[in-house]
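Paired with chain B in one complex and with chain C in the other, chain A is shared by the two complexes that follow.
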Partner chain A sequence: MIHVVLIVFLITLFYLSIANRMLTYVKVLALQGVLLFFIVFLQLNEINTLNLILILLETIVFKAIAVPVFLGYLLKRNKITREAEPYLPNFISLLITTTIVVATILLSNSIKDTHLDKMFFVVALSTLFTGLYFIASRRKIITHVMGYLVIENGVFILSLAVGNEMPMLVNLGIMLDIFASVLILGIFLNKIGDVFKDVDVDQLTNLKDY
Partner chain B sequence: MLSILLIVLAALFFTGIINRTKSLASGRKGPGIMQPIKDVVRLFKKGAVYSETSSFIFQIAPTIYLASIIMAMLVIPFGQSKGLISFNCDFIFFAYVLALGKFFSIISAMDTGSSFEGMGASREALYSMFAEPAFFILMGSFALLTGYTSFQEIFAALHIGSYLSYALATLATFVLVMVAMIENSRMPIDDPKTHLELTMVHEVMILDNSGFDLGLILAGGYLKFAIYGALIVNLFIGIVDYQYAIPVFFVIQFAMAVAIGLIESFMARFRMNHNAQFIVALTSVSLLIFFGALLILGKFN
Partner chain C sequence: MIGIYLIGAFSIAIALFLSRNKILTFGLLGLFLVLQWVLTVYSFNNFRSTDLNYFTYDALATLLLTVLSVIAVPAIIHSHIYLEDQPAPTETRSIYYASIVLLLTAISAGYLSNHIAVTWIFTEITTLSASALIYHHRNKLALEGTWKYVFICAISITFVFVGILFLSLALEHAGSDDLSFANLVANSSKLNPFWLQLAFLFIFTGFTAKLGLVPMFTAGIDAKDKAPAPVGALLSSVLMNLGFVGIFRFYIVVANTPLHHWANLVIGIAAFLSVFVSTVYMIKVKNIKRMFAYSGIEHMGLVMLGVACGGVGYYAAILHIILHALVKSSIFFQFTQLYRVFQNKSIYHVGNYFKYNTAGAMVLLLGFISATAMPPSGLFVSEFMIFRSLFEAHQIFLLVVVLLLLTMIIWAFGKNIFKILFIPAVDFDDSNVPKISPWESSTQFILLAAAIYLGLNPPTEFVNLIKESIMLLPK
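Here is the complex of A and B:
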């Protein structure tokens, strides 16, 4: 069952790479939050109940509801255009994402470590690299934030793989998540959305120190 | 033998049901279920008109197209009963015999010298080129999973056990349905009822065919639908007895026709430049099926 959810998670990455609209990105991030909720529910069956409830609440409240709603609010408030405007065509994005997934599968297959859960490793690593790729290939700052959130989901999955032995890691991941989403979205993007009328990274290269 | 009979029976009604669903969804009564067959019969009674600029390729292409589809139909099994011909790796034969027919319809479209038809031919070639890896990776992972390489043995040995295989079966059905849509030039990729040559894919290729030739191409199209439907049915009826399998066959074909009709009524076609990435996404999903198959086999853990 847990493998099924992980495979669906990989498919969301493919979908993310061919999505056109900003709202689609937000929806896919929310879906990833729900999937993470299920993964947590299925995977962390050995840690104490209070901690489990905390983690479940975090995934469903922050990853699946609060952050996507906030992102949608930001899109509206800052009047960010609805198209994603990547540097590369979506077609090439899809090919690169597929290559990333295949490469991580091959990489993990060459690792001979019995302690490692390969499935988690593959999904986490490919999510991480796909998030990095999104940051590198998208033009808007809000898409960079989304790429960062995707990376965080990857880190979270990786921490879940060892969550039963080291619940501390999962909690650290949650802290990182809350910190990053609140800080980046709240302060950084709001300021930029207000000061510059257009949230386009290209314009940041024009900033100069006289 | 049974599969051929069932496919021909399903092909008689399939397109009629799609058209009926579309007309009911748009609030019309619509033509009868048998109207497409009547059209084909009417066309068969006519002669064909050939342009002076076209060569013999244009004249033989519709025949080869239909012949290739009938050849492909022969290897489709039904549950435990084999197709009329069955040998190892016959899914490769299936794909490439269909590709041969497609190749001939493409060069016959080029043969007319019409720029619209050349454009449609190039699109059709591009889409089937992208759809091919999806189909092969899918069938290849089935072959890997079951250890057999012919359609009948693969489908007979395919059984659903764990959660993971449920997920893989769902994904495989999705990929197969979408490949069927691409091969039959249906909705998300191509709109059969479009009236502008610039936006057509498959329809623009057969603009110059008339009379008997057009009838052959239409009949081939109906059969092709039923063939892919039969493939999808085969995913589910591996070891089911005939008295259940045959009704299931018709129910699934009917459901598929209704679903296609509903999709065509309520969905807009993708933009042309989104089609390619959509089809390649199918390849990515079938790659996931491949790795899932490896996971089930324990080759990868």
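Here is the complex of A and C:
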């Protein structure tokens, strides 16, 4: 069952790589939050209840509701155009995402480790690198933020793989999530929307050596 | 003690944030400096003891904590001069002082922590407080610098976290779940090499954002450019040392495993590329602050080359990082005075500094001699030892290339500095240049003198502390 959820999570990455509209990105991020909720529920069956409730609340309230709602609000408030405007065509995006996933599967084959469920490793690492690819290939600052959120989801999955032995690490991951998301989303995207009229990375090129 | 320090410093930061009264602000800043020095003295008196489980007063931490406490005093004095000179709204001023206290506290706690996750948490807090400081001017360029810094630091911090996760997988093979550095070293022979390799790659890449090394060095450059110069001094000295602590403590773990040679290779490549990249930028850079920042990248490259080559290089690396912190911070402090004279940070609009501020020009000249490691600078000694370690590691070709690159850096650096000091700027109207008291430069002279003294005639305790901090590394 848990593998099914993980594979669905992997499929959302492919969908994200060909998505065209900003709202689709927001919806997929919300879906990823829900999927993470199920993964936590199925995976972390050895930790104490209070901690489990905390983690479940973080996935469903923070990842699946608060962040997407806030992103939608930002889109509206800053009047960001609906297109994602990638540098590369969608087909190539899809090819690159596939390459990343295949490469992580090949890498996971070289692991001889009975402690770890390899599925977690594959999904987590491919999410991480796909997120990095999104950051590198999209033009808008807000898509960079979404790429970062995708990376965080990948890291969260990886922390779940060791979550039963070391619940402290999952809690640390949650701390990172909330801290970085609030810092990046809350404070600066508001400011950036106010100062830079059209939010585009091409405008962030004024710091020069001369 | 660390508990009292953390609670005290955080409450001082909150009080500074709320304070709108100048005298109260002074009192709080003074109180913080006293607290900082009490912690430093306490760490010497309770050497090697552990506090609150997660903080140990070991040799490396004590050394760097002392450097931080030394630099903190002029940093706060120069911040005050800076804020008097460029009046900011009271609210901005309160945020500035609160963030600088928070930054210094987080860095101190990061040095002292003996647990990789705790180091990571305090590194995160430095990102938060540094970003508030970089955004001090509240304009478009400052926002751009802050955004880049926050975003890249957020990614790098995530990388460190992924590294910690892989490390915990490696540790599971040793049947333990305690991620403290002491336990990692004790279990180093049982760590799974595959996970350890991945962990090292991620943790190293993550901490390079703070250390200022290829690949993540870019954020730091923009940050030091846009932050007020007293903050730039902290970012390019003590915060870089925090990145070094993060990498070095984990490197000690890896060095005790069969992966030692591989880790040296990774560090060596990143270090060499840093020296190379900083050379390329130094040659064409025209912004004085960015020039100083790139010089920092070069020095960190040299430090990590020393670590990668081993032997005498370990000792040289620690010595170099301490001396570099003293020298680079004094140059950045001097920049506030330079800016007050010329109101510009482009080389083209700056010149003949000796005419307007003799004491400041002397600092710049001495700082240049120190930063390029010419005798009698203390960095000459440490850099010479790094070259010796390269020689002893039979990396003659690398040594020759690095020496050539350093020559180019000295040429580019010298060309710009001598332009600032002696050649009059075109169309510069010197009718209303402010008079700058030579006393303002006194702290910078003290820092530079300390760097020379520690390099040429190191006290025995100082040498012993450095030797003890590299004790766990294989010979």
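Simple rule for what comes next: the second predicted complex is superposed on the first by the 205 of 210 C-alpha atoms of A that agree within 3 Å, B and C clash if a C-alpha of one lies under 4 Å from a C-alpha of the other, contacts with A are read in each partner's own complex, and residues count from 1 in each chain.
Everything below uses one rule, namely that a residue touches a chain if its C-beta (ideal position, glycine included) is under 8 Å from a C-beta of that chain, and two chains touch if they have at least 3 such contacts.
For clarity, every value in this text was computed on a predicted model and none was experimentally measured.
Of the two partner chains placed by the overlay, neither chain B nor chain C lies in contact with A:A103. By the touch criterion stated above, A:E152 is placed in contact with chain C alone, chain B being left untouched. Shared-chain residue A:L128: touches chain C; no touch with chain B. Look at A:L176: by the touch rule set out above, it reaches chain C but stays clear of chain B.
Contacts of A:H115 after superposition on the shared chain: chain C is touched, whereas chain B is not. For chain A, the partner with contacts to more residues, out of chain B and chain C, is C. Residue contacts after overlaying the shared chain place A:M166 against chain C, while chain B stays out of touching range.
Within the complex formed with chain A, the residues of chain B that make contact are 163-164, 166-167, 171, 274, 276-278, 280-281, 283-285, 287-288, 291-292, 295, 300-301. Taken in their complex, chain C has these residues touching chain A: 117, 120-121, 124, 127-128, 131, 140-141, 143-148, 150-151, 154-155, 157-158, 161-162, 164-165, 168-169, 172-173, 177, 192, 194-195, 222, 225-226, 281, 284-287, 290, 346. By the touch criterion stated above, chain A contacts chain C in their complex at residues 110-113, 115-116, 128, 132, 135, 141, 144, 148, 151-152, 155, 158-159, 161-162, 165-166, 168-169, 172-173, 175-176, 179-180, 183-184, 188, 191-192, 195-196, 204, 206-210. Interface of chain A with chain B (complex): residues 1, 3-4, 7-8, 10-11, 14-15, 18, 20, 89-91, 94-95, 97-98, 101-102, 105, 109, 118-119.
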